[in-house]
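Some structures to go through are shown next.
Paired with chain B in one complex and with chain C in the other, chain A is shared by the two complexes that follow.
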Partner chain A sequence: MRIAVLSGKGGTGKTLISVNLAAVSKEAIYIDCDVEEPNGHLFFKPENLAAEYISVKIPLVDNELCNGCRICAVFCQYNALAYINQKLLIFDDVCHSCGGCVLFCPEKALAEKEKNIGIVQSGTSGLVHVITGILDTGEASGVPIIKKLMQNAPAGQEDVFIDCPPGSDCIVMGSIKDADYCVLVAEPTLFGVHNLKMVHDLVRLFRKPHGAVLNKCLEGYDPAAQYCEDHGIRIIGRIPFDHDLGTLNSNALIAARENGKYREVFTSLLQKVREEVQDAAAIDFKR
Partner chain B sequence: MQQLLILSGKGGTGKTTIASAFIKLSNAKAYADCDVDAPNLHLIMSQSDEPKRSNYYGLSKAKIDLYVCIRCDLCRQNCRFEAIDSGAGGIMYEVYHYACEGCGVCEAICPVGAIKLIPAIAGELILYRGDAVFSTAQLKMGSGTSGLLVTEVKKQMTSVINDADIAIIDGSPGLGCPVIASLNGADMVLIVTEPSVSGISDMERIIKTAAQFQTKIAVCINKYDTNIKNTEIIESFCEFRQLPLAGRIPFDPEAVTAINTGQSIVEVDCLSGQAAREVFDRTMQILVGNG
Partner chain C sequence: MKIVLPANERSMEKGISVSFGRAPYFLVYDTDTQEGVFIENNAAKSQGGAGIKAAQTVVDTGAKALLTPRCGENAADVLKAANIEIYQSINGSLENNISTFNKGELKILSEIHAGFHGKGGE
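Take a look at the complex of A and B:
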């Protein structure tokens, strides 16, 4: 089963939840799609590392062949090409790699070169296979890395946990597209609720079965719990605010591996997720 | 007008909490929320006036006219974004809206002119003009081009006010296009970090990104007392990299209470609010060059 863990807001506990769920699963694959700021590997400290460069295609001009017709520059929707002072300039940073300029150059003066934007790193930590996408700093878009991560993700019986980036934009959609179930992580603040609403809208748009895990729960009024109740989101787990858990987590230690109490917490959460996925599959079958 | 941008790399370290405190303390006449993907600043900066709302058009999206389409498949073969599906029986060609990046290859390659690029609304720009100018936006779910919208948010702010002393800009997490767009034109970046291994890793990556823009960078450590050892690691890292420290803010449950009632931490009497005042004073000194 493929479980995506997401939240609109950052810092609610996506990595905490996905890392620990993977750690208590017998054999699991953990995929870090937060390619701008990947943190799961800091917890797993994977061994036997292998890395693969991820590249995009960027146009390359042969100035001998270019006759300055500007067809490419006019075509490009992203203004990645300009013909200035008798020379074709290419702005790699804004290029979307659509290939149009190469396709439509009447002089065949444009070719493509590969440009590295980051890596996909894989390794093992105990029984967990850890796959991490890492975008190079200064690069604008991690979407190609996420595409690669998702292409390589097994679709079989294995437990796959996908740690998504914050937000609800294109990069998050890529991460949840093939998920069987989405875990929405929320924290009990006004900000947390506002952003929970956004990801809730997103998973509904994609018709993904989903449930919420409330993290950092305090005594008293919990606006996130209230939101779930009002909007029919099933709460599949609550993790109380806990100083010891916070300390383990801030030291990048995997709570479920360090302490039996937390192993219990995440084992029962995983059990709950499994039941939810089965229920969702049954409903899907009936349709 | 000096632009002070608040960033963090990691989410949830307290960007908006600090930004709202700074707006109150500086009595800023201009401020903006550049976290267009998950904006929150408006929740705490309550406004009495109705804002001006305008549509934000991002990249256009391709649309196929099936009455004209001859099923030649050229569009699908040449789309790098795998945004075209040949549909039921391979004859009902359609564009997968969320995958389309509006490049126009399909439109240009279609031999019968069956494909057109149609402008698409990708979000909403929101401008408040009460006692101060507050520019914000909300990206439509699943849209790309958040960087362009960030640029529009900043433009919207500077188009109506340019003589304020300072503009406080709440940034977004991460280090990709929205962050890069917000860095453009910023005079100083305050990085709000937290003493966790994740926070430190993300801080190092955002500093690397911000350094390419040659703006002033300062660091403040939020919830510093949740892990003193890591706080010290951050402080020695900053010393080593010669980055000025703007201060420490303690973990404070009253901060959550303040935020949940729509108040900034400097509007209530609490420890984090007091610390935020010191961080603010220090940040202003660094900004004007006496750091």
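Take a look at the complex of A and C:
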């Protein structure tokens, strides 16, 4: 089963939840899709690392063949090309790698070259296979890395935990696209509710079965719990606002591996997730 | 010599636009004949890369100088490739800027910003 863990903002607990779920699963694959600032590997400290470069295609001009017709520049919706002083200028950082300029060039003056934008790193930590997408600093879009991560993820019986980037934009859509179930992590604040709404709208748009985990729970009124109640979101777990848990986590330790109490918390959360996935599959089957 | 200024409205008395790439109009002014024409900036509503497209428009007018309050680095690269000088405009109307330029009192724009890339900026 593929479980995506997401939230509308950073620091809510996506990595805490997905790392610990993977750690209590018998054998699991943990995929860090937060390519701008992946940090799951800090907890797992994976060994036997291997890395693969991820590249995108960027146009390359042969100015001998280019006759300055500008069909490419007019076609490009991102204005990545300009024709100045009898020469085609190409702005690599603006290019979205659609390949249209190459297709439309009547003089065949444009070819494509590879440009590296980051890496996919994999390693092991106990029985967890840890896969991390890392986008180079300054690159505009991590979506090509997400595509690669998702292509490589097994679609079978294995437990796959996808630690999503914060927010609800293209890169998050890519991360949840093939998920069987989405775990929405929320904080008990009004800002937390705003961010919960963002990802809730997204998973509904994608018609993904989903449930919420409320993190940093305190006694008393919880606006995130209220939002879940008002909008029929099932709350599948509550993680307390707990000093010891916070300490373990900020020391980059995996709480479920360090302490029996937290192992219990995340084992029962995983059990709940499994039941939810089975229910969702049954409902899907009936349809 | 032809010069270009980003404009909010088609009027010489009105102020220069704070944005180059997304200015609604450009004033193309000939300092020899002292005549100007306003052209639309077809880059103003671009999804991205407005500076590049706007700079292409300026290059295509045959201008030798651009007077602007600021300019992003991609646009500056295009203008540089075409040997167009970028001058730092002053507060005030388009005609004010032109007369100051004619007196040789405008400085070369020294600060090229990294670009706003769809994130606005005021």
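Note that in this section the second predicted complex is superposed on the first by the 287 of 287 C-alpha atoms of A that agree within 3 Å, B and C clash if a C-alpha of one lies under 4 Å from a C-alpha of the other, contacts with A are read in each partner's own complex, and residues count from 1 in each chain.
The criterion applied here is as follows: contacts are C-beta pairs under 8 Å (C-beta built on N, C-alpha and C of every residue); 3 or more make two chains touch, one makes a residue touch a chain.
Remember, it's a predicted structure, so these values are computed and weren't measured experimentally.
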item	value
Comparison of chain B and chain C by chain A residues contacted	B
Touching partner for A:137 - first (chain B), second (chain C), both, neither	first
Which superposed partner A:87 touches (first chain B, second chain C, both, neither)	second
First (chain B), second (chain C), both or neither touched by A:197	neither
Partner chain(s) touched by A:77 [first = chain B, second = chain C, both, neither]	both
Interface residues of chain A shared between complexes with chain B and chain C	77-78, 140
Interface residues, chain A side, partner chain C - complex	73, 76-85, 87, 89, 91, 94, 140
Chain A partner contacts - residues on chain B that touch it in the complex	8-13, 16, 37-38, 40, 43-44, 59-60, 78, 80-81, 98, 101-105, 108-109, 117, 139, 141-144, 146-147, 172-177, 179-180, 194-199, 201-202, 205-206, 208-209, 212, 226-227, 230, 253, 256, 259-260, 262
Complex interface listing, chain A residues touching chain B	8-12, 15, 34, 36-37, 39, 42, 75, 77-78, 96-100, 103-104, 135, 137-143, 165-173, 187-191, 194-195, 198, 201-202, 205, 218, 223, 246-247, 249-252
Complex contacts: residues of chain C adjacent to chain A	43, 46-50, 52-53, 55-56, 59, 74, 77-78, 81-83, 117
